[in-house]
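Order as written gives the chain letters A, B and C; numbering starts at 1 within each chain.
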Amino acid sequence: MSDAQMTTRAKDKSRWERFRESDFFYAFKRSPIALVSFTVVCILVLSAVFAPLIAPTNPFDPASLNLMNGFTAPMEPNAFTQETFLMGTDDQGRDVFSTILYGMRISLFVGVSAVLFAMVLGIILGLIAGYFGGWAETIIMRFADVQLTFPSILVAMLIFGIAKGFTPVEYRDQMAIWVLILAIGLSDWVQFARVVRGATLVEKSKDYVAAARLIGRSPWAIMIKHILPNALSPVLVIATISLALAIIAEATLSFLGVGAPPTQPSLGTLIRIGQGFLFSGEWWILFFPACTLLALALSVNLLGDWLRDALNPRLR
Amino acid sequence: MNAYVTIKALTRVFDVSKPWLNRILERRGKALLTAVSNVDFQIEERTTYALVGESGSGKSTIGRMLVGLLDPSEGDVQVDGVNLATEADAAKVAKVRSHIQMIFQDPYASLNPRWRVRDIIAEPVASKGGETEGLAERLLEQVGLHPSDAGKFPHEFSGGQRQRICIARALASEPRLIVCDEPTSALDVSVQAQVLNLMSDLKEELGLTYLLITHDLTVVRHMADRIGVLYLGRLVEEADPQSLFDAPKHPYTQMLLDAAPRMDGFGREVPPPQGEIPDPIDPPSGCAFHPRCPIAEDICRQERPEMKALGKGRVACHLAR
Amino acid sequence: MTTPVLSIRNLSVEIPTRQGIVKPVDGVSYDISEGEILGVVGESGAGKSMAGNAVIGLLNAPAHISGGEIWLNGVRIDPLKGEEMRKLRGKEIGMIFQDPLTSLNPLLTVGDQLAETMLTHLPISRKEAAERAVAALEEVGIPGAAERIDSYPHEFSGGMRQRVVIALALCAEPSLVIADEPTTALDVSVQAQIISLLKRLCRERGTAVMLITHDMGVIAEAADRVAVMYAGRLAELGNVRDVLTQPRHPYTHGLMASTPLASEGQKRLHQIPGAMPRLQHMPNGCAFHPRCPKVQKRCSHDPLPPMAEGRAACWSPLLAEAVE
C-alpha cells in the first residue's frame, strides 16, 4: 500500500490487519514446511478437542465395550461380531482409533498445561533476575544452573515420586494428571527463565525503559508493560519447541508407568499397553498410537524450528 | 535572572570491579571509576546550557543524575529551589521531578517498539491517571507530525520523526526543564536542522529550559546560551558561546576547537592533537589534561586546578590568564 | 590522460523485496585517480555505502549489481566471483570500516594479522613480513610498536584500533582504499588524528581513496573531489571547494545551508522540507523534486540530465550561467 493511503487512514490498524501485512505472515505463507506442519498440528489438535464427536465409540464407557471385539485387526471384520474397526481394537475390545483421539486429548492437555506453567514461572523468575540483578539474580540463575545438570526426565520423575508420596491413595489416579503437569513444568522452566533474563538485560539498557523510569513508573509496570512484550518472540519459539518436548516427556513418563493412569490413558500409556502385544502379532495396538505421537511431536517441533528462524535469525 | 538548576560539587563514582571471587583470585582491589568529579554549574531559567565533551567526559552521567536516573555519590542537585537529595517533603520532590524530562540520543531505542505512538506519548499522563483524550494528537501536531500518526507504531517512522515523537512524549508532562542527551547525533544534517529548529521554537513558545549534552561543537554554538566544557569528569571551562569560540581560555577547549573539522577547512593541515583520553579509572594527577597539554608546567602535574572566574566565564587551569 | 585507479560506470544495485525491486544505487558513475581522495557524501539511505560495498564485492544477498561496470586499474572487476574477488580485495583494495572490530580478528595478535595479510599478497619471507608488520604499526603512529605487535585487538583503545585497521588496509600496498565512515565512532580529537594519518599515508603512497562519510567537515578537510549522493543517485560531482562553496544542485545547497555553522548568527537553521524518500516509494523523475525549492514541471517526469564532472544532475541548477 502507498504512503498516501497510510496517512489518510484515520482508523488504526487492528492487530489482525497488522498480522496480515507482517513479514512474519508473508514468510509463513511461503514456507512449505511451516504450512504442512501447521496443518498437521491443526488437524491433530482439532480432532483431539472434538474427540467425543469424531470417535466412533467412547472407549472409557464400559457399557459400550464388548470383550468379544478384542484383538480385531484393522479393517478386518471381527470373527464373532462382524464389526470392523479402522485401526483395530485392543485386548479389551476398545477401538484403537477412539483411544488415540482420547489419548491425544490427555497428551495435549498435559503438554500445553506443563508448558504454560513452565512459561509463566520462567518469565516471572527471568524478569526478576534480569531486571533487579544482584542477589535475586544470583540465586535464581544458580538454581537454574544446578537443575540443568540433571536430565529433565529425571527431575520430572523425582517430582512425580515426591508428589505421589503426598497424595492420598484414593485421589492418586485423579491427581496423576496434575502431578504430571507440575513435574514436567518444573523440569522445563529453566530455559524460559534464561531466555527472558537475557532479553530483559538487553531491553533494560534501552532508553525507552529509562524514559518509563523517568516518569515514575514502578519496576513491575516497566517489566510487564514495557520489557515483557519485547521479550516475547524468543519465548514463543521456546514454548513451541518445549511443547513437543513436553508431549514426548509425558509419553516417556507414561510409558515408564509413572504418568497418566490406565483409566485416563495418554498416547504414552497406549504405547506402553501396546508394546506388550507387539510380539504376539497384534502390532496395531502399538503402531497407531506411536505414529500419532510421532506426527504430533514432529510437526510441533518443525513449526517451532521455523518460528525460530522466522522470528529471530540470531537464535539459530 | 534566577537559577533554575544549581549543581554543587556533584560527583559520581561507579564501582567497575570484577566479581569478588575474581578479585580474590587475581589479588586485585576494587576498581572505582570517577565519571563526574566535583562539578558546579547553574542553569538560568529559560536558557540553554550546553555540556560539551568527548566520550568519558561524564556529560551523560550528569544529565542522568539531574533527571534522577542515577543518584549522585556526592554533591547536590537543586532544581527550582528544592534539593532533590535532601528534601524531606516527598510531594515537593515529586512535583519538581515531574517538571524534568529527557530526550535521548538513539531514537530507535527510546521508543518501545510494541507500543502505539498514542500510548507512548500519553504514558506520562496516563500512568498518573490523568486525562489523555486527544493529548497525543495535539502534541503530535505541536512537534510537526500529523495527528493521525498516533495510531502507528515507531517502526513506521524515520529517525527524525521518532525524535519528534520523543519530544512530544517529553512535552506531555508539561516540563520546565528538558535534558537533551545528544538529541541529534544519530540524525542526518538536514534532519538535525529540523529537530534543532523545533527545539528552539518550543523553547520560545513554552518557556523551556534546556540542558543540552553533546559532543558536536557546531550544534552547541548554534543552540547554547552558556557552555560548560568537560574533560574526564571535570568541568574545565564555562563561558558564553561568543567568548568560548572566539577566545577559549583552557588549552583543552582550544584543542577541541582546532581539531573539529571545518566546512571551510579545505585541505587544512593542522598538527592533530596529541595523545588520547586517559583511563578514567586511573586519571592523571593534578590537572587531568596535563599529559596532553602543550603548555603544562610542574604545578599542573601536582595540583588540581580550581574553577576560577576569568573574563566572562570560568576556567580550571593554573596557567589561564 | 592516465587511466584512473577506479572507474565506476552507471553502477546500479538492486534488492528484490516483498514490495518489488528497490534500487539503493541507481546509475552512479565516478572515477578516482592515483593519490586522490574522493569524498562520497550523502545522508543515510543515499546509497553511498552500498556503492562502496558493490566495488569490494561485499553486497549482502539478495542485493546484487544489476547494471554498469566497475574498472580497477583498467581491469573490469564487477563480473569477478568468489575466490578471484577475494584475492583482489586483499591485494588491490584496502578497507576501513566504521567499527574497527569488524575488520580485526579478535583471536589473532595484530602482528599475526598484518604478517598474514602481507604473506598472502606479497612475495616476501615470513621474517620479512614480521619486520614489516612492526614498521607498519610504527608508520600509523602506534607508540611502542615493537612491543604492541603481540597484543590482541581488544587491548587497544578505539583510536589505536582504527590505526591498526589502517595499517592492515595499507600493508599489502593496495592501489585503492575504501574508507566507510572511518571516524564516525571516534571522538573529535581522535578523528582529527585519523583523518590526518589517512591523508598523509595515501599521499605518500599514491593510493586512491574513496572516503564515504556523512560529515561535510571531514569531506572539506580531507577530500580532493566530492560526489554528493541522494536517494541512490549522484546529485553532484566535482572539486571539493567548488561543490561545497558554490553548490549547483539544490540538494547540496540545502545540505550545506542546514549545517549549524553555515547559519551562524541566525536564529533558525535552514531547513530542507520533508524527508528522504523510502526506496519503495521513489518519486518519478528527479528523486529530490518533492523537496526542491526550484522544482520545475519537467523534474517530476523527465529522466535526469546526464552527469559530468563539475555538474549537477539537475534541470535547474544554481549558478546556471556557469553551466554550458
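Just so we're on the same page, contacts are C-beta pairs under 8 Å (C-beta built on N, C-alpha and C of every residue); 3 or more make two chains touch, one makes a residue touch a chain.
Since the model is a prediction, treat every value here as computed from it, not as a measurement.
Participant: Out of B-C and A-B, which chain pair has the most contact pairs?
Facilitator: Most contacts of the two pairs: B-C.
Participant: Compare the CA centroid of chain C with every other chain's and tell me the farthest one.
Facilitator: Ranked by distance of C-alpha centres from chain C, the top chain is A.
Participant: Can you check how far apart chain A and chain B are, centre to centre, with Cα atoms defining each centre and the answer in Å?
Facilitator: Whole-Å distance between the two chain centres: 50.
Participant: Taking the mean of the CA coordinates per chain, how far is chain B from chain C in Å?
Facilitator: Going by mean C-alpha positions, chain B sits 32 Å from chain C.
Participant: What are the residues of chain A that contact at least two other chains?
Facilitator: In chain A, nothing touches at least two other chains.
Participant: Could you please specify the touching residues of chain A with respect to chain B in the complex?
Facilitator: Touch residues, chain A against chain B: 6-13, 206-208, 210-217, 221, 226, 229-230.
Participant: Mind listing the chain C positions that touch chain B in their complex?
Facilitator: 43-44, 157, 159-160, 187-193, 195-197, 214-218, 220-221, 240-241, 244-245, 254-256, 258-264, 267-272, 275-276
Participant: Help me check something: in the complex, which residues belonging to chain B touch chain C?
Facilitator: Touch list, chain B to chain C: 54-55, 158-161, 188-194, 196-197, 200, 215, 217-219, 221-223, 255-256, 258-270, 272-273, 276-277.
Participant: State the interface residues of chain B toward chain A in the complex, per the touch definition above.
Facilitator: 64, 67-69, 94, 97-98, 101-102, 104-106, 109-116, 123-124, 127-128, 146, 148-149, 151-152, 156, 166, 169, 173
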